[in-house]
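Next come two complexes, and both contain subunit A; in the first it sits with subunit B, in the second with subunit C.
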Partner chain A sequence: MSYSAPVKDIAFVLNNVIGLANLAKLDGYEDATPDLVEAILDESARFTEDVLAPLNWSGDQQGSKWQDGEVSTPDGWKAAYSQFVESGWGSLSFPTDFGGQGLPLTVAAAVQEMWHSANMAFGLCPLLTQGAVDAIEHHASEEQKQFFLPKMVEGSWTGTMNLTEPQAGSDLAAVRTKAEPSGDHYLIKGQKIYITYGEHDLTENIIHMVLARLPDAPEGVKGISLFIVPKFLINDDGSLGQRNDLTCVSIEHKLGIHASPTCVMSYGDNAGAVGYLLGEANHGLAYMFTMMNQARHAVGVEGYGIAERAYQKAVAYARDRKQGKTLLGKSPDDQGIINHPDVRRILMTMRSTIEAMRGLGLECAAAFDQAKRHQDEQVREKMRRRGELLTPLVKGWSTEMGVELCSLGVQVHGGMGFIEETGAAQFLRDARITPIYEGTTAIQANDLIGRKTARDGGKGMGELLDDMRSVLDELKQSDHLDFKAISKRLEPAIASAENATQWLLGQNDATLPSATSVEFLMMQGRLAGGWMMARSALAALKLKQEDGSDDAYLDAKIMLARYYSERMLPLVESAEVIITEGAESTIALDAAQL
Partner chain B sequence: MKILVGVKRVLDYNVKARVKADKSGIELANVKMSMNPFDEIAVEEALRLVEAGHAEEVIAVSIGSSQSQETIRTALAMGADRGILIETDEQLQPLAIAKLFKHLVEKEQPGLVVLGKQAIDDDSNQTGQMLSALTGMAQATFASKVEFEGDSLKVTREVDTGLESIKVQMPAIVTTDLRLNEPRYAKLPNIMKAKKKPLEIIPVADTGVDVSSKLSVVEVNEPPNREAGIIVSSVAELVEKLRNDAKVI
Partner chain C sequence: MSYSAPVKDIAFVLNNVIGLANLAKLDGYEDATPDLVEAILDESARFTEDVLAPLNWSGDQQGSKWQDGEVSTPDGWKAAYSQFVESGWGSLSFPTDFGGQGLPLTVAAAVQEMWHSANMAFGLCPLLTQGAVDAIEHHASEEQKQFFLPKMVEGSWTGTMNLTEPQAGSDLAAVRTKAEPSGDHYLIKGQKIYITYGEHDLTENIIHMVLARLPDAPEGVKGISLFIVPKFLINDDGSLGQRNDLTCVSIEHKLGIHASPTCVMSYGDNAGAVGYLLGEANHGLAYMFTMMNQARHAVGVEGYGIAERAYQKAVAYARDRKQGKTLLGKSPDDQGIINHPDVRRILMTMRSTIEAMRGLGLECAAAFDQAKRHQDEQVREKMRRRGELLTPLVKGWSTEMGVELCSLGVQVHGGMGFIEETGAAQFLRDARITPIYEGTTAIQANDLIGRKTARDGGKGMGELLDDMRSVLDELKQSDHLDFKAISKRLEPAIASAENATQWLLGQNDATLPSATSVEFLMMQGRLAGGWMMARSALAALKLKQEDGSDDAYLDAKIMLARYYSERMLPLVESAEVIITEGAESTIALDAAQL
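Let's turn to the complex of A and B:
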């Protein structure tokens, strides 16, 4: 089997670390009981292992193809997508009013990890649809919702996000696409690039969410509006009408995700593409952030999803491949390279970091679920702050680490890893986009130091560090050697994060913090991962006291947490030095001297 | 017409079975369990018969511990209408299982009972045949194709010599072979609905069926490791080795 969904590990985090049972107590989430969620995870595992995973390599090799404005996806994709829709996987966390299942985002995130491990290029299509659904659900008129949501929730229409233009990448103030009022709609004209699944043959219609400017709009980001622009116009009875004035001009040739068509879209080459204004004019950027926040979290999930796949391949190869006499092999038959200590280092780094990232990804989703449904307004408010604070960590840190771990996955394979047929290289190529799209790592770092830390005077960050200290106190109550080792490293790491945060808050201008902001992001991500691993170890210790406990499994959880603490958390301490002392030299040279 | 389908909770087919240290059986603590693959095929076939208009109701039956409810829920998520668990913590043998099924056949009066031809844990391949003998219902085992012909069934069976087609009168028992169909994936909305479908739990004692065993397990052992092969230099040497070393000719 090329992919085996880690259902046991995911369920362990959901049930014992995040506390799924507590989420299921919230109004509207009563269905999300542990037994139902395990049934969902099991079936999702079957679907992703049997249907999506086998198309990953062939999809990469064949790629999507463009001809005369039409895009054909690789062999087998259309059938897999139909099956995906028929099974209802796309509708998991969507509102029940429009045909969704209304399950918590936490459960959706657990299932989505499997899509991306199995086949990230495929998983992107529903990921984008989810972003578009979120934007419409939150900001569209009731009529627009009734018009678009049922089909999109079902998955029989997909959604896209059209932000980028050649001159407007990370800086959306430069968006030039125009929207002219025309009766009850607008006519859109302009070019958009990097539009994921902007055109494809999987569904009968595609709903584009397009950023554009009205004629009288103010300059900059305050003059951007968001429009719903369907590929085929929709008649009043819901049937598909005439083709809208938009075309896919070409698709990009990319380093990875070959099967996912990345489109150049041209709107309004003739009369203008018919678009419907979403919400109010000139509020497009704020609406877009509704799409983006969800999508950023989802891309973070891609980061560890793809790393999990790379890990599974690496560990299987390391068991099988024999090179030299190993130091850890117990017999002549037990000489796979997995028994070389340095290969252990790689596999432990991959495994423990993936578990840390998964923990954080699910913790962040759970915070959003609490923010949405908790009875107590103060808790809702705190959890919203928490979710927003963790989002750039999940996005930035998990994708940077995803690339690093996929690269380690190649390393385990030695020369074979560099050969495409082996398959390890595809994960690295595919992973490489994740720290770029939906806001580069630098954008996440700016979001973290600005909007998420400085803006509230460090309140949200302070709450997070306090929660980490409570876990530290719990760790210290155990005389277990592994727990002593974990708290020995967690304590100074929290102190370093506190110092770096204080340094950041004490700066009068953004120049120096910006020079080390990515370090700050990675530091906070690593530390938050360590916090999740410590909680995982505590949960394992508790479970070990039950009758018939699976001790080998639980002991491994504790050792993974200790490894992570001893080998990853010291990097948090060194990051403090980099952040507080390394900023000046970073920007000291004139640009001409570089 | 009702269809009764047997679903057994077994060691997942991807898990490598390990013998317990005391050789009393296979290690089942903390390992993944799932529905016997032959039973998934049985559920699928029953659902297809309902979809084709040949039957109205599919009842998924399991006999085992309380955890077997999960297996029944899997069948309900695939589309079965209701479930029955005969609850027991004993490892029952095929004869006891067949007697319990007979009890349910009398109670539910199904037109068809569909069972896996065997379970992948003990590979007994006996329950369907025994149930047929106990109830007097016709049996069509190892089915690879099931077709309705009026009141009877035409069943294609996979036998050692090839395919055999037989016609059986209803009510009948069909046991499924691997090539009968490819089981569907459960749809997410159906997984959620499955939780609300009726699942009746009957303690084994309430059935009044004698489930005592006439057999006991003496010891369970791993199959011996296969030894490395050798290349022989001539036919004469091969024959010599077959005769003297392997002692098979």
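Let's turn to the complex of A and C:
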């Protein structure tokens, strides 16, 4: 169950598809040269392969354990986390002012894929910390930043997101946790559930970001504030002070990510947990979205990260395992099941979809980097729109496909896939949470059709479809047969996406669009993946023409793009029919008839 | 986590879609009147709801345990199995000569759905027994039948299928287990894996059906024989004799069906296990298919059985759980998440697909019943062809969809779905084995394109498509708007299936068809499901016209058919493109490029 980080594939996308060199021209990203980034990727590969990956299965089997309010992580996790902190892996994209390395999010996302491939349950801990850092960096007072950020950026304190309560999951308007003013701070009382790494033994302190209501707060989401609630209070000299009034009451027994403790947290069982208001009162929802948007992108990265691991395991098994005479094997020695055409189908589906998702995940990160650093305000604005439009696709589509691909990974193993010790089933169990947390696919789809499409009258979507048409034009200038095959499916797929978008924009209310919003999200995700794959094919052909030394690799890139177009883009066309014809029947029955 | 058997839905299909009354006209099936069958369904509902369903979760958590070669099933299983035997649930479709009830397979399949909904890990035990009974009934000597069948039919001895060895999974040509002649019997030596209920404490004896090779047997599948190998030898007076030389070496640690022991069986560690040859030497593969075909159909039933349970859980949660203001709720009291349009989409997808799968599963069973009992030889022949054609669809499509629907069931629960105690995750874990055992989906697809389509030059497929066109004609005679909507999608879907079939038949060798065989299977399965749903809609309209007392129920049947057509049949159209355009790119890379 070893892991080999796909450094070459990741560098190919960064350098040749996304255009890392252009990012490195932006003020503040000068360090992100291709050479430095490849060195980082190599170093990250070593760390994730040698330190994180070997703990994945044992961590799953052992799980984190709760006893009397304390949570112990599996054997080896403390040492691995220490190495993680020492190597600075958590701080790549954070501001240099607080000890970060100031690299583009694009580079950080490339590295984070490796965490989740190697050990998703481990990777969740820094993922949550990063969300908390983002919220503090953007919205806290200078004093709060100085107080919390240096330790959090280096990773010696971790962060959490405390949103959910039993009655308040997708609907945060229902949050009931209370915050009473008390001098320079607040006293927090309430219970939070599903708190990832809410308690653990990896670091000396944990900084909880907690949504709560002030006594005079308006009802609903307009009355939510965000508080910084440390596990241990911090003395003025920066040393740890007394234990705050908060405890981990229990941890959940889950389908997967067993090593990642999912905590029920109780705040203020005694006097109240000391919390510090972040930014302004009643603006908590907006601040939470700062954490959340970053986390949503990161969960999308998890989706393809775990699928990459499942793919590696499946392809290794398929090379090794022999069953029957194969149609594609070239000799008696070449009879691994990889040479059965249907196993190829599964592996091509996994590989091409992973590459499409990785391309889109990095494209989205690059859009945010440009939105932050580009000198031209109009470009910044457009790239912000682009990043925000792509985020629900990266989160929703990549996680749904991540589950599907991990399930295909099980299938390649036949009966062995169902045996836990094989390890293929763990990837499926772990992946299954990704379309749920940080907002279910339905929540992403709602965001996509509402805030990201209808609100700007389809402007951002129109820009995206225009960019796709430019790629289509480029493809059409080539006589390459594979490019013709890609165009043949990309062209009608773009038209279908355009039609579905127009249908959506033409609706009088949200009911019918909501009934097909997930179809719409999957359609746009699949198409955006096809756009990235077409760009990958174009980049591969260009490199081949420049230098013929790596043809087998580059030809594979082109063929994977063609396969993706022929296998996935027809589903974009059928989605148009499903969306425009099927919305009414979806909601036609009374609830009682179900 | 209660279960409520969908007796009304099942009876609707049997009486109004399949036409149970016609089956009851066949010689030997006179007892299968609608009244008797409804009484059986009601009784089965009580048994599965009250006895099997309550043991499902505890059985999963406790699991079967192995110690020193003995396997103990979870608490309550022995008592439940005794009740199962006493009530005669295992013997419905078996010949009356050996204590069976002689009912159509169609009725037995309707009852078996309930076993798997209530408790799939339990249902597997009689499922395997039935396969063994079938093989003995069809191929054993009269003496062997008298010896084994009465106890097996009543269920007081269970049966197993011993095919797989570590090097011989899908490829049975590689079976190495040996059988040496020794007087009136054979001595069996070898190891078998993945033996469902290979050892347990539910009955006093277990009858193993074991594939093995005689010393002089030809290589490959033509040298496989099938043996009856009882755990305890049987004395001439029918009493149990000495323990046979076979042991359960260990049981597997699996993703799901924890209560069903998956055994590693060792035969002949000492002198050799006494086995009795079934039928003729070297004909084992053909006999095995007798067991297997019945078991494949039964596993397809598992696919929709477990999905039905997942649906019931999801719809109950969706009525109860409140999150946010819904678009479809009619009052402040009517705000369960079932009134969010996307939750409706999931529930409609689950419900309509389950009804389509149930329809097809029962249609396939009815074809086998007609093939067995119809007075007209031509009809028998056609129905045999039909049943054999539909079997890989029932097995392959219903199990793939079963997994997908159980995953959707998890999604309805949001974060709760990932918590094991909720129970939704168990259905997904259990369902995940169904596309693997009794032949993976790829094996079913291979059977479909080869033996079931290419071998007869598309005759059986042509007959099926013709029957679909007749239903289309019937739909078109109605002005009903929903029927127009169904026709609109059914017509091009039939055309696409026809085109894909012609493409398949036009290929020179099996390579390209094999590369898209699973797409072809899923396409034909989806379309056949649409055909059943269209028939369901026609039947519902007819009943409405005869008697207006149950309109809400019958209108729902029509709307579910429309939803299914609009949501699933566009995928049949896109499958034509995927199959005919995408086969080449699937296999274009060298294995080394993956």
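Brief remarks follow.
FYI, the second predicted complex is superposed on the first by the 592 of 594 C-alpha atoms of A that agree within 3 Å, B and C clash if a C-alpha of one lies under 4 Å from a C-alpha of the other, contacts with A are read in each partner's own complex, and residues count from 1 in each chain.
Please note the rule applied: a contact is a pair of C-beta atoms (placed from the backbone, for glycine too) under 8 Å apart; a residue touches a chain by one contact, two chains touch by 3 or more.
Source: prediction; values computed, not measured.
By the touch criterion defined above, A:Gly241 lies against neither subunit B nor subunit C after alignment on the C-alpha atoms of chain A. When the shared chain is aligned, subunit C comes close enough to touch A:Ile338, but subunit B does not.
More residues of subunit A are touched by C (comparison of subunit B with subunit C). After overlaying the two complexes on the shared chain, residue contacts for A:Trp89 are found with subunit B alone; subunit C is out of touch. Legend: residue contacts after superposition of the two complexes on their common chain; A:Gly324 is shown touching subunit C, with no touch to subunit B. Shared interface residues of subunit A, touching subunit B in one complex and subunit C in the other, are 553. Taken in their complex, subunit B has these residues touching subunit A: 14, 29-30, 32, 34, 70, 73-74, 77, 185-189, 191-192, 194-195. The touching residues of subunit A, when paired with subunit B in their complex, are 1, 4, 8, 31, 33, 35-36, 39-40, 42-43, 46-47, 50-51, 83, 86-89, 91-92, 101, 548-550, 553. On the subunit C side of its complex with subunit A, the touching residues are 164, 167-171, 173-174, 193-194, 252-256, 315, 319, 322-324, 327-328, 334, 336, 338-345, 347-348, 351, 403, 407, 410-411, 414-415, 417-421, 425, 428-429, 432-433, 435-437, 440-442, 445-446, 482, 485, 488-489, 510-512, 514-519, 552-553, 555-556, 559-560, 562-563, 566-567, 570-571, 573-575, 577-578, 581-582, 585-594.
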